[in-house]
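Pasting the structures here.
Two complexes come next, and they have one chain in common, subunit A, joined by subunit B in the first and subunit C in the second.
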Partner chain A sequence: MAELKQVSFPPDVLARIAPDISLHRHLSVGLRPNLRNFTEFKPVDIASNNEITDSNANVFGSSVIKSGSTTVINTITLGVVEVNRSANAATHSNNDFTTVYPVVEIARGRSGAPTDEEMILSQTLHESILHSRLIPKTALSIKNYGSAVYDAATGKYTIYYPDLNPDEFELINFNHSKSYSFVLLSHIKIFSKQVSTSSLFDLCHMSTIQALSRLALPRVYISDTSSGTKVSIRSRSSNTRGLVGVSKSNINLDSNKDLYYPLSLNGATVDGDAMVDSEGPFDASGVSSNFGIISIPEEEDRKTVLLADLEGEAEESSILSRLSIIATKDNVIKKISLVNGDSDSEITLDLLKQAIEISKIRAQQM
Partner chain B sequence: MSDRRRLLGSVNTIIPNVDGTAQPAKIESKTEPRIDGLRPFFLKTGIIENANGSSYLEVGNNIIEVSVYGPRPIRGSFIDRASFSVECKFLPFISQPNEHLYNNTSISASSAANTTNQTNVNVNGRTGLTSIEHKISSYIETSLLPSIVLEKYPKSTIDVFVTIISTDSSLGGSYSDTKMLSLVNWVLNASSVALVDSGIEVKDVVTSGVAHLQNDVLVLDPTEIQEKDEGSVSCVASFMNLRNDEIVGIWIEGDQTNLENSQVDHLLDGCNDMSKKVRANINSYFTTS
Partner chain C sequence: MTSVNTSLLQKSDGSAELLLGSTKVIASVTGPIEPKARQELPNQASLEILIRPAVGLATTREKLLEDKLRSLLQSIIVRFKYPRQLIQVVVQFLISDSKRTETDLVDYTSNDLNAAINCCYYALIDAGIALKASFVSLSIAVKNGNLTVNPTVYELAQSDSHHVICFNIEKGKANKILLLESQGDIKEDELFAMISKAVEEAEKVHHEQQRKFVKEKVENDYVWKQ
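What follows is the complex of A and B.
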């Protein structure tokens, strides 16, 4: 029988065929495959301009952030939902807060239904924002919505608001019988995904917070045709399943930017027209950080190490114990998720403490 | 029916009109300096790392990103040449060119206060392409197809994904044919560059030009055009400049009732002229970067 010859591979080939071995070899010399230190985070750039919001009338908050080549474009559009007035009386804690409805889309060269990764990211983001108690329901309820009145003489519509034009408004036979609330619909597009799913969550969270902190809510008015009689017509060509005019409403957003008001996030103070962010938008919400825990052989013993901000195929596939922490600079922890996926490298209390400390420091530096 | 895969909010959510009664403060559109009669454009390749080739193009307010994935192996039976597909999508919040004409949707951004064309469909949950996206995708696909050496890649697919991040129409107001064709023109040029960046073998780099003709006045790369007038025609045409200016795609919009041969020639000459200028820019980008 012929002896099997030893085969050696160049590092980049080894990284493809045996990511776990490649990872261990890197870690044993004190470096990660992406050449960062163990607890070093990948730098994140947050675009300072607000161009998407300024140039699209239907976008009310947006952010663009970049980490390496990975780019996240987050836009918040608004929906309106009718709310039951008596529901406000409930005093249950989580009921007082609401969240965003994100749809995460990762450009990956395929079309079709969302992947598991996209669905998990959307759902986790949705829940994290809800449970971090960031957006009070009252901040999204629509107060004093106006009415558009058609002036036959000039052929123009004029919008009157009860608080801004009390005199004119009294003349309009219009009662606020319904109450409405905004719904925050967020679309997150990710280009050039390079980092792991956990890091992607951090980026999505950061971009959502950034977009929320810039969110300006418009005034809402009802156009007067809503009081007219509606007739249901069966329509064959319509995709509204035959009922035309029933589900349609006449709720409008006033695109007059002078009337926009900022969303008051819980914990952040609002001053005049802009949120006071002298200390940054992440004060109240915290910054999301993620860690992987892996043990590496060291002489006779094994050493368990903490890696921050996982990136790349090797780390994504071979590190199964994960930690995800949202911490604020004021030592408040908004979220901890912990997966002990690898029996060789269990998350000990010390590692957990270390990870929390690092998250806090990161939140302070943001 | 609620979508179980996406978080779109409660089914009762209404997507309100954004009114046009109070126009948002428009960003002053400066008359951009033109070089050779064209607007300056910004081009960059290779920014998308998980694609085989990519390009990013900004011209005016248009921002276009193109990724090329391929050649990728296909499963199933053997095919002796690559299959090629193009998918062009707008980000969901962007009002699409002429969408009230093609997409059967409301004129959301430009509607007056009395429009009742409102839907309660959350655009974030849109699956598939709209008619305009289909039209643009198929134009790009037919124009690029003759240039690609498909025989070199049996049992593979080459997929081009175009994302339109911003358009000139974003500020509201109805989108004209001219602006739509101008967008198509730049999407095609960006796609060609991405294809070159991917290293897929091509016979020539397809470039295109867009021209507008009215009263025998020809404007290249038009931006401010009054369309409603009679005899206003816009045209985008794509060429393989190094293969005897072979036309690989042509799209004409506007008043075509009295369109004469001489006018079409005039338009095509204009487009060809512009495509050569674009080509020269692309060539210098690739040779100097």
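What follows is the complex of A and C.
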């Protein structure tokens, strides 16, 4: 009778055909497949220059961050909407905050409808920024919008603002009583995705906060004709074009960079036109960290371990108990998302405490 | 205010309608049925979760709810009992707190998620799908350290933090957290105080509502009753 030979595979082949076994073997020798320690995070590089914002007139805030080969490029553009002033009368504490409208795109070498992963990432980002109460509605409302006046003698338009040019402004026949607000549209592109979806959320969150902290809002003015304007954004109210009684005025963004002003985020102090150096951009928003919980067999017993910042196919497919935490350095937790997906490796309250502690330390170090 | 009504859809294997606070939701479970080839898993059942909002079409908001519900249901359904088969869960909101036109409130999904989870419990029981344990979900708002269970959308708007917490119930005891979604400004001590209070509340819901319901259901559905 032929002897049945034991089949053995080289490690990289085993990792592909049986990711769970490969993961267990790595963990039992105290290493993860990506050669990091159990609670070690993948390093993140945040680009310090502001090149995308400076070279594109319609980008008002941007950030580029890298973690390994994964690159996240975030650009924030602006929209203008008319707001209903009477609706703000009631005071609801959480209602005074707004959020960004992100579109996450993971480059995969083909185009098409957004995948579930992209939709879930965008929506999670949208909701977490809203509920972390970071962007006050008042910071985005447009105050003192100016008016462009055509000077027939010089043939040029001059923009007057009620706060900057009060004397000239009084002379203008300006009857525009609507109130407007900015909307933040965040476009996030992810290249060479290497990390897990939960780590991708951490990177997207970080890049959005970074871009928001650098965001400079332009002044807005109203012109009666659209000629001679540089950046023209059609307001949502002009959807009624063609109906009766539509004013022909256009809402424009003033591209004069000297008049740009920073977005004042809740909890962050703004000094002049830049954030105070001692304050990091992540102080008020917190830093997002993710963990996976898995139990590994260990002589007769099983040991449950916490893995930080999941990465790679093996960790993504075999770890079902997940934990995602946004913590600030002031011991406030902004978000916890916990799923106990694996009955063998249960997230106990002790593990939750441990994960919160690690997230806080990470927030202090950012 | 909670009311449950089951087996109201004729053509699905199990269904339930749940009214919880001001959220009304109907869930249907079809399965185990034959899956499409791409959904089939060789050693366990695959799940298809569809969520429909009360008004309009499903958006990314519903996609995220689907993802959360799926992560919970795939760990609680005994999936190895139905290899190569599909269990389809459709959740249709009838009345939802969110997107009320008369208010300018921000959108909270926690009451929706909570109602969907609890409704799925009754629908899965009605469909006779094997579950590893019972589960109870609670929506909780915390304001100055005080808890409100099943808050209204106004209470959510004024809370410091809001949570959806789902417990695994075995032998009448809540023994582990299956899902926790917390947002807002949360202090660590408040969080653990909230969890320990939620345990009592969840056990109460299990004993007073779920057990009573299942007992009555078995009595009524039992073919050979006297």
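The working rule: the second predicted complex is superposed on the first by the 335 of 366 C-alpha atoms of A that agree within 3 Å, B and C clash if a C-alpha of one lies under 4 Å from a C-alpha of the other, contacts with A are read in each partner's own complex, and residues count from 1 in each chain.
Following the convention adopted for this analysis, contacts are C-beta pairs under 8 Å (C-beta built on N, C-alpha and C of every residue); 3 or more make two chains touch, one makes a residue touch a chain.
Since we're looking at a predicted model, the values are computed, not measured.
> In the superposed model built on subunit A, check whether subunit B and subunit C fit or clash.
Overlaying the two complexes on subunit A (C-alpha atoms) leaves subunit C and subunit B fitting together cleanly.
> If you stack the two complexes on chain A, which partner ends up touching A:N144: first (subunit B), second (subunit C), both, or neither?
Touch status of A:N144: no partner.
> Examine A:M119 and indicate which partner it touches, taking first as subunit B and second as subunit C; both and neither are also allowed.
Both: A:M119 reaches subunit B and subunit C.
> Between subunit B (first) and subunit C (second), which does A:L130 come into contact with in this model arrangement: first, second, both, or neither?
Only subunit C is touched by A:L130; subunit B is not.
> Quick check on the superposed pair: does A:V339 touch subunit B, subunit C, both, or neither? Answer first, second, both or neither.
second
> Answer with first, second, both or neither: which of subunit B and subunit C does A:Q365 touch in the superposed model?
The answer is neither, since A:Q365 touches no partner chain.
> Among the partners subunit B and subunit C, which is in contact with a greater number of residues of subunit A?
B
> Would you sort A:S28 into first (subunit B), second (subunit C), both or neither based on which partner it touches?
After superposition on chain A, A:S28 lies in contact with neither partner.
> Taking the superposition as given, does A:E82 touch the first partner, subunit B, the second, subunit C, both, or neither?
A:E82 contacts subunit B only, not subunit C.
> Regarding the shared-chain residue A:N37, is it in contact with subunit B (first), subunit C (second), both, or neither?
Touch status of A:N37: no partner.
> Just to confirm the geometry: in the superposition, how small does the C-alpha gap between subunit B and subunit C get, in angstrom?
Taking the overlay as described at the top, subunit B lies 5 Å from subunit C at its nearest C-alpha.
> Can you give me the overlap between the subunit B contact set and the subunit C contact set on subunit A?
Correct list for subunit A: 119, 122-123, 126.
> Note which residues of subunit C are touching subunit A in the complex, please.
By the definition above, subunit C touches subunit A via 60-61, 63-64, 67-68, 71-72, 74-75, 103-107, 109, 132, 154, 156-159, 162, 168, 176-188, 191-192, 195.
> Over in the complex, which subunit A residues touch subunit C? Could you list them?
84, 87-88, 90, 92-95, 97, 116, 119-120, 122-124, 126-128, 130-133, 320, 322, 331-343, 346-349, 353, 356
> Going by the contact rule at the top, pick out the subunit A residues touching subunit B in the complex.
Touch list, subunit A to subunit B: 51-52, 54-59, 69, 73, 75, 77-82, 101-103, 107-109, 111, 113-114, 119, 122-123, 126, 148, 150, 156-157, 159, 183, 185-187, 189, 191-194, 218, 220-221, 223, 225, 240, 245, 247-257.
> Help me check something: in the complex, which residues belonging to subunit B touch subunit A?
So the residues of subunit B touching subunit A come out as 5-10, 12-25, 27, 47-51, 54, 61, 65, 67, 69, 72, 87, 91-95, 108-109, 112-114, 116-120, 122-125, 127, 159, 161, 163, 165-166, 170-172.
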